[in-house]
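Here come two complexes built around subunit A, the first alongside subunit B, the second alongside subunit C.
Moving on to the complex of A and B:
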C-alpha cells in the first residue's frame, strides 16, 4: 500500500506528536493543570500550609521573578542572574535530603525565610509562620512531582567534633583530593580552571561559590548548613553530592578547612586561629597528595 | 446638568479604559534595582507593607549580597518621579465676602471645581555601598517651585548590628503610620490632622511630627523587624533650612514598637512615640523686627502617642492616639517668628494664660481586595482638653472649650491597572469632609469638603 504525500505528512505529524506529546506536557505546564493541585498541603512542625491560601501572597511577592505558572519566567527573569527557580521542575538547591530527591517542606520553609545568598532572593522573614507554610504548599503545587513522589529522607548530620589542627589539615587534603579547587580555586576565590565553563541544568552560566566573600553560604551560614551543602549537593547546579565519596567525619574536616578560606566572621574564629598557627598555605594541585599515614591516630587525638 | 452628565460619562469611559489595560504588576527606583514588583513592599503604593518597612529599616537593602550598587547595571539610575494630574471639587461653607453693607460683611459658601496638578517629586535613593544608604527628594509645589523634602545619608548595620543605624540630614521621623506614604490625596486628607494639629492662636509650629525634620537619628531593629526603636535629635525648625528660628533649640523624637505573629490574620504591631522639644518664643529685634536665628527663652512642648497596626486578612486598621502639650508661651501665640509670632525679649504672658493641651485620635482602615485595588477610609478627631485662654481669663482672647476641635472623614479607593517592576499608575478617587469648631470668620463652625479624581503615577 502506497501512501500519498498527504498521508505521509499526516502520519509523520502523528508520530511526532505521539513521541513529543508527553514531553511537551511535562515541559509546558499550564495554569489549568496547576490549579488542579491547589489542594496541595505542606506540614512544618504543627503548621499545615494550604496552597489555596497563598495565592494572593504569591501574586504579591513572588510572581515578578518566578512567574505566574512558577516556571521562573517572571517579568524580571531576563534581567536576573542567577535565574529565578523554576518550580515546575521541583528541583531545589537547598535541601536536607539526598541528591535527586525532593526536599522536605521544612527545607522550603527555611529557604523562604533565609533567602538565597548570591541571588536577588531576599530573606522573607517578615511573613508569619502560617504564610510561609502556605507558600511552601503553593510552591509545591506547581509540579506534579509532589503528587507522585515523597520527599527524600533527611541526611543524618553527626554532632560536630572539636576543631583541631589535624582536622583542618585533613580537610585541606580532601579539598585537593575531591578537586574542589577546580571550580572554587585553590584559595576558594571561585577562580579555578573550570570556573568560567560552568552551567546549570537550564544551561545558564553559573559561578562557583567564592569563599573569600562574606560568611553566608547559599543555603545558610552555620557549619551544619555547609556540611549539608556538599553531602546533598546543590541540585540543578554543577555542585555534586559527595555523600558517596566522603565519610561524615571527613565532611566535618572539609567544613573546618573551608571555614579557613573565609574572611574572619562569627563562625570561624577557631579555624582561622588554627590556620594561622599552622601557617596554612593554599594547596598546590601539582604537588601529589601526602600518603596516608600507616597508623594514624584518630582525628582529634594528638 | 448636561455638562455634569458628560463629565460622569467621561470618567466612566476613562475607568472602563483603565480597566481594560493588561494586568501586569512594582516600584520604580527600588523595584528596578531588585526586580520586585511594587506590591512586594507596598500594601498599595505608597503605603508600605511589613516587608517594605523592613527594607526601609535596612537602609533600602534586601540584605542579600546584591545591595551594593556595584551589582547594578552601570546605566541604572535610581530616580523615580511622581506626580498626579487630577480633577477636584472644593467647597467651604463660610467664607468672608464683601456685601453692600461693607467689606467682609457677609458669609458665603464657595464651591469651585476644575482640573489641577500636584507638585512633582523626584525620589532618588538607595545604597552608595553596602550598608551606606542615601535618599534625596527634591520636591516641587504645584507651580514648580522646588525645595528639598528629604536629604539624608545613613550608616547601616554599624558594627554588624541591625540595632545600630545612624542617619543624618532631613528625613521623615520614624512614624509607623507614615504621612509620606499616605494613601489619601485631597486638600483636606493629604496630611494627617493629628500630626499637624496646632491649637487656635498657638505659635508652636515645631511639634508637627508629620513634617520632615533636620537632625540625626539612631534607629535599630531585630533582624526580622519585629522589634524596632528609634531616637532622633532634631533642630526645632520644623524642617526649615538656615535655622530661621532659635539657633540653639532642639527636640527629641523617640519611638518603639513590637510586632506579633497572629497566624492567619497576619502580623500585628503596636508602638508608642514621644516627642519632647524646646523652641524659642522671643527674639532679639532690630528696629522692632525680630532677628531670625536669634531666638531666646526656649520653652517646651511634647507630643506622645500610641500606634497600632492590626491586620485581619485583607482588612487592616491603623490606629493612632496622641496627646499634645505646649508651653503657655506657645499657647499665647509666641514661637513662629517669621510668621509674626515673635516678641522682643522681656515679653510677658497674658494674665491667666495656660498651657494648651489636646488629644488626637485617628483610625484608618483599608480593605485590600487585591494588590491592584484598595479601599480606604480614615476618621480623625482632634479635641482640645485645655485652652490657652479659657473663657474668663486672658481678657483679650477668651476661647470656648471646643474651639479648634476637628472632625475629619475621608473615604476612597485606588485602583492600579498596571503594576510592574518598572512603573506605577493609580486611578485615585476620594471624598473628604472636615469640620473645624469655631474656625469660621463669625466664630461658628467651618465645614469644607473635597472630591478628587486623578491619575497618580510614578516612573
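Moving on to the complex of A and C:
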C-alpha cells in the first residue's frame, strides 16, 4: 500500500513522538539547537578557534564517524569498535582535568593532533594548527554543557623525579595496593579477574590497556601522559581516577613501575634497566603487602 | 530454599518490630515538624509474586565472598517482605512544592557504603545540593562509577582504608545508576530529588514531612517505574498515601 504525503508525515510525527517519550529523559540534540552555538570559540595558546570556520572540515573528515549532529552515529559507526565519541554528552577520555569535569581546549586540541591509540581515530596532524583549533570549537558546539560549565582545573603534575630502584619498587607496591591488576593483570597483560566483564558507558565490552603491547597509551606516550591517565581517569570507561588516594610523588613511582611492564621502547630504557638489575618479578596478589611505614598509618582503616 | 527461609524469618521479625517502630517514627516525625507542619506516611506493596532474585557469585572477590558465606546474596531489584511490603521505593513530591523547601536541605549528609561488595543502602535518596558520603568498608578496592544523565558523570577509585569522600548532585534525577566496574554485580541507585523525600523500609513503610497543602506524590521503584498520587496534608493531621505496584 502506498501512503500519501500526509499519511507519511503523520507516521513520521508519531514515530518522532514515540522516540521522544519519557523514557528518553535525556535532552535530544537537534541540529537547530547546535546551530545556535556556532559562535563557540576555543583558545589554545595564542590561537583562537571558531566553530563556524570548521564546518567544511568537519563535514569532510569527521562526519562519517561522528555524525551530522555529533552524536557518534555517523554512517561508519556500526562497523567501529571502540565507537566514535558522542560529542553531545561532552564527556572525554583524555583530559588533564579531574574526573567529571570538562577537558580544556588544549586537551581536545591534543587529542585531534595525536589521535587515539587502539581506535580508528588517526592523528590529524595534516591539519594546520588553526584548523585544529577551529575543530575544537566545533566539537564543543555540539553540547550545551560548554555554555553552562567551565572546564575543570588541570591537575598539578610536579616535575618528574629521577628513576630509582626504590621508586620502581614503590610503584610495584602501589600496583598491588591499588589493585590495578584486577583489570590489567599481574603482568599488565590485560587479563586480570575483572577484565572480561568490563563495559563502557554504552554497555559495549571494553578491554583494559595491555601494557605488554607497544609504547603508546590511549592518551599519549609520555610519562606525564601516563600520570594524567590514572590521576584523572578515562571518563566513560571503567578506568577510575586515583587522584584522591595517590600523592603526586607516588604517581611518579607508579609511572616508573608501569614502564617496566612495557616491552623495550623509546621511553623506558631506565626503567627496564632497573627492573633487570632488581630481577623484578610480577606481583603475587596472594602475598600480603609489606606493612606501611608508621607515618602512613593514620590513613588506614579504623 | 535456605535463602528464602532466611528472608521469611527476617521479614517476619521486621514485620513484628515494624508496628512499634512505625509508631515510634511517626511520633518522632510529628514532633520534629514545625508547629504548622504535617506529615505523610504509608505503605508500599507489591501485588503478585515477586520476581526471582538471582544469587550473586562473589568467588572472584574472596574477601567479600567470605562475608556472605553463611547467607548468600541475591540481586536486589525487587525486595519484598513476607506481607508484600516493597522496600527501596523512593517517595517524593512531584507537584505542589512552593519552592521554599530548597532552604530546608538537610545538613545531615546522606551516605552510600560499599560493604561486602554491595551498596548499602541499595537505593540512596537525597536532595539536590545535599552532601553525600561515599564510604568503602571493604578490604578490597572499589571504583564508584555513577552514570547520570542530568548530572556530571565521574568515576573514582577507593582503595581499602581510603577515607570517605564527599559529593553533591546539582540536578534532580531519579535515579542515577551506580556501579563498580571491578565487581560487575554491584548495582545501586542514587535518587536526587528536590524537596522532602522518603524511602520505604524493609516492610514497605515510608514517611515524609510536608507543610499543609495539596501535593502530588511520586513513588519510584527501579524495576516497576513511577506511580503518582494526589494527597492533601492538613496541619497537625497526618495524611496517608499507600501505593501498590503490580508484579510483571
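FYI, the second predicted complex is superposed on the first by the 265 of 302 C-alpha atoms of A that agree within 3 Å, B and C clash if a C-alpha of one lies under 4 Å from a C-alpha of the other, contacts with A are read in each partner's own complex, and residues count from 1 in each chain.
Please note the rule applied: contacts are C-beta pairs under 8 Å (C-beta built on N, C-alpha and C of every residue); 3 or more make two chains touch, one makes a residue touch a chain.
All values reported here derive from a predicted model rather than from experimental measurement.
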Open item on the list: Let me test your reading of the model: by the given contact rule, A:181 touches which partner, first (subunit B), second (subunit C), both or neither?
Closed with: neither
Open item on the list: On the A-aligned overlay, A:252 touches which partner chain: subunit B = first, subunit C = second, or both, or neither?
Closed with: neither
TODO: Identify the partner contact of A:92: answer first if only subunit B is touched, second if only subunit C is, both if each is, neither if none is.
DONE: neither
Open item on the list: Per the contact definition in the header, classify A:125: touching subunit B only (first), subunit C only (second), both, or neither.
Closed with: first
Open item on the list: If we overlay the two complexes on their shared chain A, which of subunit B and subunit C does A:238 touch? Say first, second, both or neither.
Closed with: second
- [ ] Report for A:201: first if it touches subunit B alone, second if subunit C alone, otherwise both or neither.
- [x] second
- [ ] Classify the contacts of A:217 with the two partner chains as first (subunit B alone), second (subunit C alone), both, or neither.
- [x] neither
TODO: Figure out whether A:227 sits in contact with subunit B (first) or subunit C (second), or with both, or with neither.
DONE: neither
Task: Touching residues (chain side subunit B, partner subunit A) in the complex - done: 24-26, 34-37, 39-40, 50-51, 54, 62-66, 223-225, 261-264, 266-267, 370-371, 420-421
TODO: Provide the residue numbers of subunit C that touch subunit A in the complex, in ascending order.
DONE: 60, 140-141, 143-145, 147, 149-150, 152-163, 165, 181-184
- [ ] Would you pull the subunit A residues touching subunit C in the complex into a rising list?
- [x] 25-26, 91, 98-101, 149, 177-179, 182-183, 193-194, 197-199, 201, 233, 235-242, 244-245, 299-301
TODO: Name, in rising order, each residue of subunit A that touches subunit B in their complex.
DONE: 53, 56, 59-61, 63-65, 75-76, 79-80, 115-126, 128-131, 213-214, 216
